[in-house]
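Okay, got some structures for you below.
Okay, so subunit A shows up in both of these, paired with subunit B first and subunit C after.
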Partner chain A sequence: MDALKNKARELLAAKTVQVVIGYGRGSGGAARAVFVREASKADTLVFDDGCRQNLAVYLMKPEVRKLGKAALVAIPSTLRAVLQLAAENQVGEHDLLALVVTPAGEVVQLATLQAIEAHVASLDPDLSTAEKEELKKYEALSLEQRRQFWQEQFSRCLKCYACRAACPLCYCSRCTVECNQPQWIPVPAHDLGNLEWNVMRAMHLAGRCVNCGDCHRACPVGIPLYLLNQKLISDVFANFNFRSGMAVKTDNAMSTFKPNDSEDFIR
Partner chain B sequence: MSEFSPKIVAFVCNWCTYAGADLTGTSRMKYSPQVSIIRFPCTGRIDFMLLLKAFANGADGIIVSGCHPNDCHYSSGNFHARRRWIVFRGLLDFLGIDVRRVQFSWVSAAEGAKWAQLVDATAGNIRQLGPFSDYQRLRRGLGVG
Partner chain C sequence: METENKLIRRDALEKLFSQWLAEGKRILAPKKCGDKIDFAPVQTLDEVSLDQVQTVQSPKTAVFPRVEELFSFKSMDGRVQIRERDNDALPETVIFGLRPCDAAAFASLAAIFTWDCPDSLFSARLGKMTIVGLACARADEYCFCTAVGGGPGATQGSDVLLTKVSGDEYLAEILTAKGRSVAQAGAGLFKAATAETKESHLAKVEPAFALDKITPALAAWFDDAAFWEEQSRRCLGCGACAYVCPTCACFDIQDEGGVSGKRLRCWDSCGFSLFTLHTSGHNPRPLQSQRWRQRLMHKFAYMPERQQVLGCVGCGRCSRACPVDMNILEHLRAIAEAKP
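Moving on, here comes the complex of A and B:
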């Protein structure tokens, strides 16, 4: 942890970056995001297994962008989110650098997007065995069981859009749910709108989600949004052989095509 | 009690399927009258939300049809649409929505007969599946939307 604090201090003192976005201690000792802008405040930084939030989410917030170049304390999903944002032309070479804390407590500085790409290449983007098994379990349910399961889950949705706020890739400045001519999604937390919102959120992340799980952790009523994301991640890979957040320049799964994409349902 | 008459909404592209359906009519071919055709510039324009809106507004079945691969007026709209439907269909199925209610097809401007068969077959399938009351029930208590 000292290595991280020293690195942050060094970067801020040399004005290489204007802000270090990292983890600090919040209420109850939980990890929370901190924005360190002065070298003297670098001691607030911590790093442990509880640091799971994908801090790439802040890269797209206008109030954070305004601060200047950021050093981002990054876990694997953070790096993939950064690459995905770069592939979508949302962050550039000069917006950030990433700090990866190794299991030994050392800090690796990834100063360019290419360096991040090279680092990410050593990660396995596949779903874990446990995730695959859980997905299979739900896929194996009958149609009616799945319908009832999701209706029950979505019935708790409050339409608070915490899933959207927590997601590094849900960055549109004007979201369809705020669009009211036409009103695509009914405003109240109601069965129909809840289903439509959750379908839309999942679909708009198809081929983009990096499976950080922050939407699910942000959900105040515990809707297993990760299942929807992982279903789409698995389908996109099975059909298009595509993994999001692995390269700076890439043809995104849903904004490109292959003439020989195959399906068995179009007659 | 009279037989259930399904409401089917067809989302079709202007250049192939709409012209194909027109050919069906000008050729005096008879087909199921339960279909309401909505014309789009391209299948690439057909957002998945439009399909959900059709179901929410009482459709029991949906047809989505456009130009055959390599025939798109805009050269690649249908390829993009195909990707979207591959993903969307998987998601609907995962959510427990019966994907047999959404029939995807390629119907060219010359395939008037295929259009008639497609609508008849889809109407037959939807008649067997019955009204989509599971989905329509979701609207309960919602004034507008």
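Moving on, here comes the complex of A and C:
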């Protein structure tokens, strides 16, 4: 942890960055996001297994962006979110550098998007064994069983949009649910409104989600949104051999038109 | 009304449940829903979860559901027919096992819904509700009822307040006319109270801040943009805090349908960027820091000034539900500290 504090202190003192977005101690000693802007405050930074929030979400918040260039304490999904945001022209080289804490507690500074890309290439982007097993159980359900499963899950949705707010890739300043001329998605949190919202959210993330799990962790009523995301991640890989958040320049699987597409309906 | 103390054993409570159901009442109580505990309809006491510090969501859904139809309409021959809700058809409800903070919260909701023009649907639902509270034997670091006028054994808002005084026995404080009806209907089930009092069975919650400092401090901090930005920088702008809050009452009106349809009332939150966006495009609170300030001002300044009631009961739900640990107690403490 000392290496991280020293690095933060050094970057802030040299004015290489204006803010270090990292983790500090919050309620009950749990980790939470902190924004360190002075070298003297670098001691508030911590790093342990409880540091799970994908801090790339803050790169898209105007209140954080206006602080200036950021050093972002990054776990693997944070790096992938940064690359995906870069691929979608949402962040650039001048916006950030990433700080990766190694298992030995050393800090690797990734100063460019290219460096982040090279680092991410060494990571395994596949779903974990446990995730694959759970997905297999889900895929064993019939379509009718899946419909019932989601109907029950979505019946608890409050439409608080914590899933959307926590997602680094849900960055639209005006979301489809907030467009009302025409109204695409019903606003009320009734069965239809909840189904349409949750399906729309998942589909907008298809081929873009980096599986950080923050949507699920943010959900106050515990809807297993990760299952939808991981199903789509798995399907996108099976159909397009594509993984999101691996490269600075990429053609998104679900939003790229190619004249030689193998499907007829799109031509 | 003078409070009357009685004792009731768990097996008698079970019989009371059967009796309520036989009378056609709906019972709402904390129940395990997936890996969370929330208020849901129950048939038996065994289904009720009693040991948690708090449920995720508040019991406000019983009087202010997240979506409810206000009326339906039909357009015919150039005229619009409105069909009002039949409030008599609303179910008689016993809400059981809610905490004293939640029972107190109905007064804050009522202050808003009956402020100038009484809301008939809200009032009808509240009128048909009997509130059987359960005192807290445990609290956690997010609880601060004692700083906002409540307490682990506070009776405000409950018709009957139960306190577990032994393995299967509860002290029952009969507090209102509705409470007396419960006691009378279950006459053989309640026993005479002993000298046993509830105090030794209650959680200890030390007052977390001085409430009388908060409202003036909020006024002093109001224009200090840097202070609010510092407090709210990690806030993501979702509605989780407002939606789990037992007193947040903001709503949005939506019409569904065309020539015929219905008008719905849906929860809304001051945390959302669209909350006060005007048709002109102007938004008086364009920044998240201003929306966070609004949340605190509304609860601790505007409501006490306008409705003579606080908009917070210290249940701690917003802090527990926040995906980024916006701990309201921590922020209130910072506000209460004198402005430099």
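The criterion applied here is as follows: the second predicted complex is superposed on the first by the 256 of 267 C-alpha atoms of A that agree within 3 Å, B and C clash if a C-alpha of one lies under 4 Å from a C-alpha of the other, contacts with A are read in each partner's own complex, and residues count from 1 in each chain.
Rule of thumb we're sticking to: a contact is a pair of C-beta atoms (placed from the backbone, for glycine too) under 8 Å apart; a residue touches a chain by one contact, two chains touch by 3 or more.
Everything numeric here is computed off the predicted structure, so don't read it as measured data.
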Next item on the list: Pick one for A:Arg156: touches subunit B only (first), subunit C only (second), both, or neither.
Entry: second
Next item on the list: Between subunit B and subunit C, pick out the one touching the greater number of residues of subunit A.
Entry: B
Next item on the list: Please indicate which partner A:Val199 is in contact with in the superposed arrangement: first for subunit B, second for subunit C, both, or neither.
Entry: first
Next item on the list: Mind working out whether A:Arg217 is in touch with subunit B, subunit C, both or neither, as first, second, both or neither?
Entry: second
Notebook entry, point to check: Thinking of the overlay built on chain A, is A:His190 touched by subunit B (first), by subunit C (second), by both, or by neither?
Noted result: both
Next item on the list: Would you sort A:Ala33 into first (subunit B), second (subunit C), both or neither based on which partner it touches?
Entry: second
Next item on the list: Would you sort A:Val91 into first (subunit B), second (subunit C), both or neither based on which partner it touches?
Entry: neither
Notebook entry, point to check: Touching A:Lys61 in the superposition: subunit B (first), subunit C (second), both, neither?
Noted result: second
Next item on the list: Return the residues of subunit A at which the contacts from subunit B and from subunit C coincide.
Entry: 186, 188, 190, 193
Check: Which part of subunit B faces subunit A closely enough to touch in the complex?
Finding: 48-49, 52-53, 56, 69-70, 76, 79-80, 82-99, 103-106, 118, 134, 138-142, 144-145
Checklist line | Complex contacts: residues of subunit A adjacent to subunit B | finding: 138-139, 143-151, 176, 183-184, 186, 188, 190-193, 195-196, 199-200, 202-203, 206-207, 227-228, 231-232, 235-236, 239-240, 253-259, 261, 263, 265-267
Notebook entry, point to check: How about subunit A: which of its residues touch subunit C in the complex?
Noted result: 26-28, 30, 32-35, 53, 57-58, 61-64, 156, 158-162, 164-166, 173, 178, 186-190, 193, 214, 217-218, 220-222
Next item on the list: Using the touch definition up top, name the residues of subunit C that touch subunit A in the complex.
Entry: 33-36, 38, 56-57, 66-67, 141-142, 229, 232-234, 236-240, 242-244, 252, 254, 256, 264, 266-267, 269, 272-274, 287-289, 319, 321, 323-325, 327, 330
